[in-house]
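Both of the next two complexes hold subunit A, though its partner changes from subunit B to subunit C.
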Partner chain A sequence: MLSRSFKSLVQIQRPVLMAGQSSMIRSFSSDHRLSEKEVTDRILEVISKYDKCAGKSVSPSDTFKELELDSLDSADILVAVEEEFGIEIPDEEVDRITSVKDTISYIRKTPTAK
Partner chain B sequence: MNQLRSRVIGSYMRLLRTEKLVFNNDKATLAKVTQQARTQYRENKSVEDPVKIDEMVQHADAVSDFLLTSTIQAVKKTDTKFGTERLYEFVGDQPKKRVRQAKGPITIPEGCCGGGACGSTPGSSGCS
Partner chain C sequence: MSSNLLAIKTLRPAIVSASLPVAQKRCLKLYRNALRSVPVIIQYYNLSYNVSEMKQRIRADFEQYSNITDKTILDRVAFIGETELFDAVSLLKTRSHVVNYFEEQITPAKQLSEGEDLLKKFFAKI
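Up next is the complex of A and B:
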(Lines of atoms letter the chains of each structure in order from A and count residues from 1; the text may use other names and numbers.)
(Lines give C-alpha, C1' and ligand atoms only; values in the text may rest on other atoms or scores of the structure.)
Protein backbone atom coordinates (compact mmCIF):
# COMPACT_ATOMS: atom_id res chain seq x y z
CA MET A 1 0.00 0.00 0.00
CA LEU A 2 2.69 2.38 1.09
CA SER A 3 4.97 1.42 -1.75
CA ARG A 4 2.17 1.94 -4.26
CA SER A 5 1.39 5.44 -3.02
CA PHE A 6 5.09 6.26 -2.92
CA LYS A 7 5.42 5.06 -6.50
CA SER A 8 2.58 7.30 -7.59
CA LEU A 9 4.27 10.24 -5.84
CA VAL A 10 7.64 9.83 -7.44
CA GLN A 11 6.37 8.70 -10.81
CA ILE A 12 8.47 10.32 -13.47
CA GLN A 13 6.53 12.39 -15.90
CA ARG A 14 7.78 11.41 -19.32
CA PRO A 15 7.14 13.81 -22.18
CA VAL A 16 4.47 12.58 -24.50
CA LEU A 17 5.40 12.44 -28.14
CA MET A 18 2.95 14.58 -30.03
CA ALA A 19 1.95 13.92 -33.61
CA GLY A 20 4.19 15.87 -35.97
CA GLN A 21 7.12 16.05 -33.57
CA SER A 22 8.71 12.86 -34.78
CA SER A 23 10.70 14.69 -37.47
CA MET A 24 12.46 16.73 -34.75
CA ILE A 25 13.94 13.67 -33.15
CA ARG A 26 17.11 12.33 -34.69
CA SER A 27 18.54 9.00 -33.85
CA PHE A 28 22.33 8.97 -33.72
CA SER A 29 22.36 5.79 -35.72
CA SER A 30 20.46 7.36 -38.59
CA ASP A 31 22.31 8.25 -41.78
CA HIS A 32 22.17 11.97 -42.47
CA ARG A 33 24.77 12.16 -45.16
CA LEU A 34 24.18 14.25 -48.23
CA SER A 35 22.63 12.51 -51.19
CA GLU A 36 24.87 11.58 -54.10
CA LYS A 37 22.93 13.78 -56.48
CA GLU A 38 23.25 16.84 -54.26
CA VAL A 39 26.97 16.28 -53.73
CA THR A 40 27.55 15.73 -57.45
CA ASP A 41 25.61 18.85 -58.44
CA ARG A 42 27.41 21.06 -55.93
CA ILE A 43 30.86 19.73 -56.85
CA LEU A 44 30.19 20.12 -60.58
CA GLU A 45 29.08 23.70 -59.91
CA VAL A 46 32.26 24.45 -57.96
CA ILE A 47 34.46 22.97 -60.70
CA SER A 48 32.66 24.71 -63.54
CA LYS A 49 33.12 28.05 -61.73
CA TYR A 50 36.91 27.58 -61.79
CA ASP A 51 38.52 29.82 -64.46
CA LYS A 52 40.25 27.01 -66.34
CA CYS A 53 37.02 24.98 -66.56
CA ALA A 54 34.84 27.87 -67.70
CA GLY A 55 32.95 26.88 -70.85
CA LYS A 56 33.92 23.20 -70.54
CA SER A 57 31.35 20.53 -69.91
CA VAL A 58 32.36 18.79 -66.69
CA SER A 59 31.02 15.33 -65.96
CA PRO A 60 31.41 13.21 -62.81
CA SER A 61 33.54 10.69 -64.71
CA ASP A 62 36.22 13.26 -65.65
CA THR A 63 39.65 13.19 -64.10
CA PHE A 64 41.47 16.43 -63.30
CA LYS A 65 44.01 15.52 -65.96
CA GLU A 66 41.28 15.18 -68.58
CA LEU A 67 40.08 18.65 -67.62
CA GLU A 68 43.67 19.88 -68.25
CA LEU A 69 44.16 20.76 -64.60
CA ASP A 70 47.55 20.40 -62.93
CA SER A 71 48.16 19.60 -59.24
CA LEU A 72 47.97 23.28 -58.21
CA ASP A 73 44.66 23.69 -60.08
CA SER A 74 43.25 20.61 -58.37
CA ALA A 75 44.42 22.03 -55.02
CA ASP A 76 42.56 25.26 -55.87
CA ILE A 77 39.43 23.25 -56.63
CA LEU A 78 39.72 21.19 -53.46
CA VAL A 79 40.01 24.37 -51.35
CA ALA A 80 36.84 25.66 -53.06
CA VAL A 81 35.14 22.28 -52.36
CA GLU A 82 36.25 22.51 -48.71
CA GLU A 83 34.65 25.95 -48.47
CA GLU A 84 31.46 24.74 -50.15
CA PHE A 85 30.98 21.80 -47.76
CA GLY A 86 32.51 23.38 -44.63
CA ILE A 87 35.19 20.73 -44.18
CA GLU A 88 38.98 20.44 -44.32
CA ILE A 89 40.49 17.71 -46.46
CA PRO A 90 43.62 16.20 -44.87
CA ASP A 91 46.87 16.26 -46.88
CA GLU A 92 47.03 12.48 -47.30
CA GLU A 93 43.52 12.47 -48.79
CA VAL A 94 44.43 15.32 -51.16
CA ASP A 95 47.03 13.06 -52.80
CA ARG A 96 44.40 10.38 -53.44
CA ILE A 97 41.79 12.68 -54.97
CA THR A 98 42.57 12.87 -58.69
CA SER A 99 39.13 13.01 -60.28
CA VAL A 100 35.63 14.41 -59.88
CA LYS A 101 34.45 10.94 -58.85
CA ASP A 102 37.09 10.75 -56.07
CA THR A 103 35.97 14.15 -54.81
CA ILE A 104 32.32 13.06 -54.75
CA SER A 105 33.09 9.81 -52.91
CA TYR A 106 35.28 11.63 -50.36
CA ILE A 107 32.50 14.12 -49.59
CA ARG A 108 29.96 11.28 -49.43
CA LYS A 109 32.00 9.43 -46.85
CA THR A 110 32.65 12.56 -44.76
CA PRO A 111 29.89 12.84 -42.13
CA THR A 112 30.72 16.47 -41.27
CA ALA A 113 30.13 17.70 -44.82
CA LYS A 114 27.12 20.02 -44.90
CA MET B 1 60.03 13.29 -54.52
CA ASN B 2 56.38 12.32 -54.12
CA GLN B 3 56.55 13.27 -50.45
CA LEU B 4 58.04 16.65 -51.34
CA ARG B 5 55.30 17.21 -53.91
CA SER B 6 52.67 16.45 -51.30
CA ARG B 7 54.32 18.92 -48.90
CA VAL B 8 54.23 21.64 -51.57
CA ILE B 9 50.55 21.02 -52.32
CA GLY B 10 49.83 20.91 -48.58
CA SER B 11 51.55 24.25 -47.96
CA TYR B 12 49.74 25.77 -50.94
CA MET B 13 46.35 24.63 -49.66
CA ARG B 14 47.17 25.80 -46.15
CA LEU B 15 48.12 29.25 -47.46
CA LEU B 16 44.90 29.51 -49.48
CA ARG B 17 42.81 28.44 -46.47
CA THR B 18 44.59 30.97 -44.23
CA GLU B 19 44.08 33.78 -46.72
CA LYS B 20 40.38 32.92 -46.95
CA LEU B 21 40.10 32.96 -43.18
CA VAL B 22 42.01 36.19 -42.62
CA PHE B 23 40.64 38.25 -45.53
CA ASN B 24 37.19 36.70 -45.57
CA ASN B 25 35.21 39.93 -45.79
CA ASP B 26 37.74 41.90 -47.79
CA LYS B 27 37.07 40.54 -51.27
CA ALA B 28 39.53 42.84 -53.06
CA THR B 29 42.48 41.92 -50.80
CA LEU B 30 41.48 38.26 -50.82
CA ALA B 31 41.51 38.17 -54.61
CA LYS B 32 44.89 39.93 -54.66
CA VAL B 33 46.66 37.70 -52.13
CA THR B 34 45.17 34.52 -53.60
CA GLN B 35 46.34 35.52 -57.05
CA GLN B 36 49.79 36.32 -55.66
CA ALA B 37 50.06 32.89 -54.03
CA ARG B 38 48.97 31.19 -57.26
CA THR B 39 51.41 33.18 -59.36
CA GLN B 40 54.37 32.54 -57.04
CA TYR B 41 53.73 28.81 -56.80
CA ARG B 42 53.40 28.54 -60.57
CA GLU B 43 56.55 30.60 -61.15
CA ASN B 44 58.53 28.12 -59.06
CA LYS B 45 56.90 25.04 -60.53
CA SER B 46 60.04 24.02 -62.39
CA VAL B 47 62.33 24.11 -59.32
CA GLU B 48 63.74 20.63 -58.72
CA ASP B 49 66.34 21.22 -56.01
CA PRO B 50 64.91 19.59 -52.83
CA VAL B 51 66.76 22.03 -50.54
CA LYS B 52 65.36 25.04 -52.36
CA ILE B 53 61.87 23.52 -52.42
CA ASP B 54 62.10 22.87 -48.68
CA GLU B 55 63.14 26.50 -48.07
CA MET B 56 60.21 27.79 -50.10
CA VAL B 57 57.72 25.51 -48.34
CA GLN B 58 59.03 26.74 -44.99
CA HIS B 59 58.65 30.32 -46.21
CA ALA B 60 55.03 29.65 -47.25
CA ASP B 61 54.30 28.06 -43.87
CA ALA B 62 55.87 31.07 -42.11
CA VAL B 63 53.63 33.40 -44.15
CA SER B 64 50.57 31.34 -43.14
CA ASP B 65 51.60 31.46 -39.49
CA PHE B 66 52.26 35.21 -39.68
CA LEU B 67 48.86 35.89 -41.23
CA LEU B 68 47.14 33.77 -38.60
CA THR B 69 48.94 35.08 -35.54
CA SER B 70 49.92 38.65 -36.33
CA THR B 71 47.18 40.06 -38.51
CA ILE B 72 43.92 41.59 -37.40
CA GLN B 73 41.46 42.87 -39.91
CA ALA B 74 39.45 45.84 -38.74
CA VAL B 75 36.07 46.51 -40.30
CA LYS B 76 34.58 49.99 -40.43
CA LYS B 77 31.40 49.85 -38.35
CA THR B 78 30.48 53.53 -38.31
CA ASP B 79 32.24 56.72 -39.41
CA THR B 80 34.31 56.79 -36.24
CA LYS B 81 34.32 53.19 -35.06
CA PHE B 82 36.17 50.14 -36.27
CA GLY B 83 35.69 46.60 -35.05
CA THR B 84 36.52 43.03 -35.90
CA GLU B 85 34.22 40.57 -37.61
CA ARG B 86 35.57 37.50 -35.89
CA LEU B 87 37.14 36.61 -32.61
CA TYR B 88 40.91 36.48 -32.59
CA GLU B 89 42.75 34.06 -30.43
CA PHE B 90 46.44 34.67 -30.18
CA VAL B 91 47.91 31.68 -28.50
CA GLY B 92 51.61 31.36 -27.92
CA ASP B 93 52.58 34.92 -28.78
CA GLN B 94 52.92 35.96 -25.17
CA PRO B 95 56.41 35.91 -23.63
CA LYS B 96 57.01 32.90 -21.46
CA LYS B 97 56.65 33.44 -17.73
CA ARG B 98 60.03 33.50 -16.07
CA VAL B 99 60.26 30.93 -13.36
CA ARG B 100 61.92 32.50 -10.34
CA GLN B 101 64.72 30.49 -8.88
CA ALA B 102 64.65 29.99 -5.15
CA LYS B 103 67.17 32.25 -3.48
CA GLY B 104 69.77 30.44 -1.44
CA PRO B 105 73.08 31.30 0.20
CA ILE B 106 75.81 32.48 -2.15
CA THR B 107 78.30 29.69 -2.65
CA ILE B 108 81.89 30.34 -3.66
CA PRO B 109 83.15 27.66 -6.01
CA GLU B 110 86.26 25.75 -5.10
CA GLY B 111 89.49 26.70 -6.83
CA CYS B 112 89.77 29.54 -9.33
CA CYS B 113 86.79 31.85 -9.50
CA GLY B 114 87.86 33.16 -12.91
CA GLY B 115 88.27 36.70 -11.62
CA GLY B 116 92.07 36.79 -11.78
CA ALA B 117 92.50 37.02 -7.99
CA CYS B 118 94.94 34.13 -7.97
CA GLY B 119 97.45 36.16 -9.96
CA SER B 120 97.09 34.29 -13.21
CA THR B 121 95.14 35.30 -16.27
CA PRO B 122 91.75 33.54 -16.28
CA GLY B 123 91.68 30.77 -18.85
CA SER B 124 95.47 30.48 -19.01
CA SER B 125 97.28 27.31 -18.03
CA GLY B 126 98.42 28.81 -14.71
CA CYS B 127 94.91 29.49 -13.58
CA SER B 128 93.36 26.46 -11.96
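Up next is the complex of A and C:
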Protein backbone atom coordinates (compact mmCIF):
# COMPACT_ATOMS: atom_id res chain seq x y z
CA MET A 1 0.00 0.00 0.00
CA LEU A 2 2.74 2.39 1.00
CA SER A 3 4.97 1.43 -1.94
CA ARG A 4 2.11 1.85 -4.39
CA SER A 5 1.33 5.33 -3.19
CA PHE A 6 5.00 6.23 -3.36
CA LYS A 7 5.19 4.93 -6.89
CA SER A 8 2.17 6.93 -7.97
CA LEU A 9 3.71 10.03 -6.47
CA VAL A 10 6.87 9.56 -8.49
CA GLN A 11 4.93 8.78 -11.63
CA ILE A 12 2.90 11.93 -11.27
CA GLN A 13 5.89 14.14 -10.77
CA ARG A 14 8.22 12.85 -13.40
CA PRO A 15 6.24 13.61 -16.54
CA VAL A 16 5.55 17.16 -15.38
CA LEU A 17 9.22 18.02 -15.82
CA MET A 18 9.24 16.97 -19.45
CA ALA A 19 5.76 18.11 -20.40
CA GLY A 20 5.57 20.26 -23.49
CA GLN A 21 9.24 19.76 -24.34
CA SER A 22 9.10 16.39 -25.98
CA SER A 23 9.17 17.86 -29.50
CA MET A 24 12.37 19.81 -28.74
CA ILE A 25 14.35 16.76 -27.74
CA ARG A 26 16.21 14.93 -30.46
CA SER A 27 16.82 11.29 -29.83
CA PHE A 28 20.35 10.27 -30.80
CA SER A 29 19.06 7.01 -32.16
CA SER A 30 16.93 8.80 -34.73
CA ASP A 31 18.20 9.26 -38.29
CA HIS A 32 19.45 12.84 -38.30
CA ARG A 33 21.17 12.76 -41.66
CA LEU A 34 20.14 15.42 -44.14
CA SER A 35 17.42 14.50 -46.57
CA GLU A 36 18.32 13.99 -50.21
CA LYS A 37 16.19 16.93 -51.33
CA GLU A 38 17.81 19.33 -48.87
CA VAL A 39 21.33 18.25 -49.82
CA THR A 40 20.54 18.55 -53.55
CA ASP A 41 19.02 22.01 -53.15
CA ARG A 42 21.91 23.35 -51.11
CA ILE A 43 24.58 21.93 -53.42
CA LEU A 44 22.83 23.25 -56.52
CA GLU A 45 22.63 26.65 -54.86
CA VAL A 46 26.36 26.64 -54.09
CA ILE A 47 27.23 25.61 -57.65
CA SER A 48 24.90 28.09 -59.33
CA LYS A 49 26.43 30.89 -57.24
CA TYR A 50 29.85 30.10 -58.70
CA ASP A 51 30.94 32.71 -61.27
CA LYS A 52 31.41 30.40 -64.24
CA CYS A 53 28.06 28.69 -63.68
CA ALA A 54 26.10 31.95 -63.50
CA GLY A 55 23.24 31.90 -65.99
CA LYS A 56 23.54 28.18 -66.64
CA SER A 57 20.92 25.73 -65.48
CA VAL A 58 22.64 23.21 -63.23
CA SER A 59 20.99 19.84 -62.80
CA PRO A 60 22.07 17.05 -60.44
CA SER A 61 22.94 14.78 -63.37
CA ASP A 62 25.63 17.13 -64.78
CA THR A 63 29.31 16.35 -64.48
CA PHE A 64 31.80 19.15 -63.84
CA LYS A 65 33.14 18.66 -67.36
CA GLU A 66 29.69 19.21 -68.87
CA LEU A 67 29.46 22.48 -66.96
CA GLU A 68 32.78 23.49 -68.62
CA LEU A 69 34.65 23.58 -65.34
CA ASP A 70 38.35 22.74 -65.15
CA SER A 71 40.16 21.06 -62.27
CA LEU A 72 40.76 24.35 -60.41
CA ASP A 73 37.06 25.27 -60.75
CA SER A 74 35.94 21.94 -59.34
CA ALA A 75 38.39 22.41 -56.44
CA ASP A 76 36.85 25.86 -55.87
CA ILE A 77 33.35 24.38 -55.82
CA LEU A 78 34.31 21.55 -53.47
CA VAL A 79 35.87 24.02 -51.02
CA ALA A 80 32.64 26.07 -51.19
CA VAL A 81 30.61 22.91 -50.53
CA GLU A 82 32.91 22.10 -47.58
CA GLU A 83 32.21 25.53 -46.11
CA GLU A 84 28.46 25.16 -46.67
CA PHE A 85 28.25 21.82 -44.85
CA GLY A 86 30.98 22.46 -42.29
CA ILE A 87 33.09 19.43 -43.20
CA GLU A 88 36.45 18.72 -44.79
CA ILE A 89 36.52 16.33 -47.72
CA PRO A 90 39.65 14.14 -47.58
CA ASP A 91 41.99 14.12 -50.59
CA GLU A 92 41.32 10.58 -51.76
CA GLU A 93 37.58 11.31 -51.85
CA VAL A 94 38.09 14.55 -53.78
CA ASP A 95 39.80 12.62 -56.58
CA ARG A 96 36.68 10.48 -56.97
CA ILE A 97 34.20 13.35 -57.07
CA THR A 98 33.75 14.43 -60.69
CA SER A 99 30.07 15.33 -60.90
CA VAL A 100 27.22 16.99 -59.03
CA LYS A 101 25.78 13.54 -58.33
CA ASP A 102 29.03 12.35 -56.71
CA THR A 103 29.04 15.43 -54.49
CA ILE A 104 25.47 14.79 -53.35
CA SER A 105 26.13 11.14 -52.60
CA TYR A 106 29.30 12.00 -50.66
CA ILE A 107 27.46 14.55 -48.50
CA ARG A 108 24.60 12.07 -48.01
CA LYS A 109 26.92 9.40 -46.61
CA THR A 110 28.83 11.84 -44.39
CA PRO A 111 27.20 11.86 -40.95
CA THR A 112 28.92 15.07 -39.77
CA ALA A 113 27.52 17.22 -42.59
CA LYS A 114 25.19 19.87 -41.25
CA MET B 1 63.65 31.03 -31.98
CA SER B 2 62.29 27.81 -30.60
CA SER B 3 59.09 28.14 -32.62
CA ASN B 4 61.20 28.74 -35.71
CA LEU B 5 63.18 25.57 -35.11
CA LEU B 6 60.03 23.61 -34.55
CA ALA B 7 58.59 24.87 -37.82
CA ILE B 8 61.72 23.95 -39.73
CA LYS B 9 61.73 20.48 -38.20
CA THR B 10 58.10 19.85 -39.08
CA LEU B 11 58.53 20.99 -42.68
CA ARG B 12 57.77 18.29 -45.16
CA PRO B 13 60.72 16.84 -47.03
CA ALA B 14 61.12 17.61 -50.72
CA ILE B 15 58.87 14.88 -52.12
CA VAL B 16 59.58 13.55 -55.59
CA SER B 17 56.35 12.52 -57.31
CA ALA B 18 56.26 9.17 -59.09
CA SER B 19 54.54 10.44 -62.21
CA LEU B 20 53.01 13.55 -63.78
CA PRO B 21 49.41 12.83 -62.63
CA VAL B 22 50.67 12.38 -59.07
CA ALA B 23 52.47 15.74 -59.26
CA GLN B 24 49.30 17.37 -60.65
CA LYS B 25 47.25 15.89 -57.81
CA ARG B 26 49.79 17.32 -55.39
CA CYS B 27 49.27 20.78 -56.91
CA LEU B 28 45.47 20.47 -56.66
CA LYS B 29 45.84 19.47 -53.04
CA LEU B 30 48.00 22.54 -52.43
CA TYR B 31 45.36 24.68 -54.18
CA ARG B 32 42.58 23.36 -51.95
CA ASN B 33 44.70 23.86 -48.84
CA ALA B 34 45.50 27.42 -49.92
CA LEU B 35 41.79 28.20 -50.41
CA ARG B 36 40.91 26.67 -47.07
CA SER B 37 43.54 28.74 -45.25
CA VAL B 38 42.34 32.09 -46.65
CA PRO B 39 40.10 32.91 -43.62
CA VAL B 40 42.93 31.95 -41.25
CA ILE B 41 45.39 34.21 -43.08
CA ILE B 42 42.94 37.13 -42.95
CA GLN B 43 42.63 36.65 -39.21
CA TYR B 44 46.35 36.17 -38.51
CA TYR B 45 47.61 39.09 -40.58
CA ASN B 46 44.64 41.44 -40.05
CA LEU B 47 44.03 41.84 -43.78
CA SER B 48 41.22 43.85 -45.33
CA TYR B 49 40.83 42.06 -48.65
CA ASN B 50 37.77 40.36 -50.02
CA VAL B 51 37.87 36.60 -49.70
CA SER B 52 37.01 36.30 -53.40
CA GLU B 53 39.80 38.74 -54.35
CA MET B 54 42.34 36.65 -52.46
CA LYS B 55 41.05 33.45 -54.02
CA GLN B 56 41.39 35.01 -57.46
CA ARG B 57 44.97 36.02 -56.71
CA ILE B 58 45.82 32.46 -55.61
CA ARG B 59 44.12 31.09 -58.69
CA ALA B 60 46.12 33.41 -60.97
CA ASP B 61 49.26 32.07 -59.33
CA PHE B 62 48.28 28.51 -60.18
CA GLU B 63 47.12 29.33 -63.72
CA GLN B 64 50.49 30.88 -64.40
CA TYR B 65 52.03 27.39 -64.21
CA SER B 66 49.15 25.52 -65.85
CA ASN B 67 51.11 24.64 -69.00
CA ILE B 68 53.99 22.88 -67.23
CA THR B 69 54.22 19.27 -68.39
CA ASP B 70 57.55 18.42 -66.79
CA LYS B 71 57.12 16.43 -63.60
CA THR B 72 60.27 17.75 -61.92
CA ILE B 73 59.47 21.42 -62.57
CA LEU B 74 55.93 20.88 -61.29
CA ASP B 75 57.34 19.25 -58.15
CA ARG B 76 59.66 22.18 -57.60
CA VAL B 77 56.87 24.75 -58.00
CA ALA B 78 54.59 22.73 -55.71
CA PHE B 79 57.32 22.52 -53.08
CA ILE B 80 57.85 26.29 -53.15
CA GLY B 81 54.10 26.81 -52.83
CA GLU B 82 53.77 24.36 -49.93
CA THR B 83 56.64 26.03 -48.09
CA GLU B 84 55.21 29.53 -48.61
CA LEU B 85 51.76 28.44 -47.43
CA PHE B 86 53.26 26.66 -44.44
CA ASP B 87 55.23 29.79 -43.50
CA ALA B 88 52.15 31.96 -43.88
CA VAL B 89 49.91 29.85 -41.64
CA SER B 90 52.70 29.27 -39.08
CA LEU B 91 53.15 33.05 -38.66
CA LEU B 92 56.73 32.87 -39.93
CA LYS B 93 55.96 35.75 -42.29
CA THR B 94 55.26 39.32 -41.35
CA ARG B 95 52.19 41.22 -42.48
CA SER B 96 54.10 43.02 -45.23
CA HIS B 97 55.12 39.73 -46.85
CA VAL B 98 51.52 38.66 -47.12
CA VAL B 99 50.31 42.10 -48.23
CA ASN B 100 53.02 42.22 -50.90
CA TYR B 101 51.87 38.84 -52.20
CA PHE B 102 48.26 39.93 -52.53
CA GLU B 103 49.12 43.40 -53.89
CA GLU B 104 51.35 42.04 -56.62
CA GLN B 105 49.41 41.41 -59.82
CA ILE B 106 50.43 38.58 -62.07
CA THR B 107 50.87 39.62 -65.69
CA PRO B 108 50.65 36.85 -68.26
CA ALA B 109 53.90 36.08 -70.09
CA LYS B 110 54.44 38.52 -72.92
CA GLN B 111 53.61 37.13 -76.34
CA LEU B 112 56.48 37.74 -78.75
CA SER B 113 55.51 39.49 -81.96
CA GLU B 114 56.43 37.85 -85.26
CA GLY B 115 59.51 40.05 -85.78
CA GLU B 116 60.84 39.50 -82.27
CA ASP B 117 60.31 35.77 -82.58
CA LEU B 118 62.20 35.74 -85.86
CA LEU B 119 65.08 37.69 -84.35
CA LYS B 120 65.19 35.38 -81.38
CA LYS B 121 65.45 32.34 -83.64
CA PHE B 122 68.10 34.10 -85.69
CA PHE B 123 70.25 34.90 -82.69
CA ALA B 124 69.80 31.41 -81.30
CA LYS B 125 71.51 30.03 -84.42
CA ILE B 126 74.59 32.23 -84.07
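Just a few scattered comments:
One rule holds for everything that comes next: the second predicted complex is superposed on the first by the 85 of 114 C-alpha atoms of A that agree within 3 Å, B and C clash if a C-alpha of one lies under 4 Å from a C-alpha of the other, contacts with A are read in each partner's own complex, and residues count from 1 in each chain.
Here, a residue touches a chain if its C-beta (ideal position, glycine included) is under 8 Å from a C-beta of that chain, and two chains touch if they have at least 3 such contacts.
The shown structure was predicted, so the numbers you read here are calculated from the model rather than taken from an experiment.
Taken together through their common subunit A, the two structures put subunit B and subunit C in a clash. Of the two partner chains placed by the overlay, subunit B and subunit C both lie in contact with A:V94. Looking at the shared chain after the overlay, A:S59 reaches neither subunit B nor subunit C. In the superposition on chain A, contact of A:A75 is made with both subunit B and subunit C. Contact with neither subunit B nor subunit C is seen for A:S48 once the two complexes are overlaid on the shared chain.
Listed for subunit B are the stretches 45-53, 81-89, 99-107 or 117-125, of which 45-53 clashes with subunit C, judged after superposition on chain A.
For the contact definition in use here, the residues of subunit A common to its subunit B contact set and its subunit C contact set are 71-72, 75-76, 78-79, 82, 88, 91, 94-95. Across the interface of their complex, subunit A is touched by residues 24-25, 28-29, 31-32, 35-36, 55, 59, 62-63 of subunit C. Within the complex, the subunit B residues that touch subunit A are 5-6, 9-10, 12-13, 16-17, 20, 38, 41-42, 45. Touching subunit B in their complex are the following residues of subunit A: 71-72, 75-76, 78-79, 82-83, 88-89, 91-92, 94-95.
The residues of subunit A lying in touch with subunit C in their complex are 71-72, 75-76, 78-79, 82, 88, 91, 94-95.
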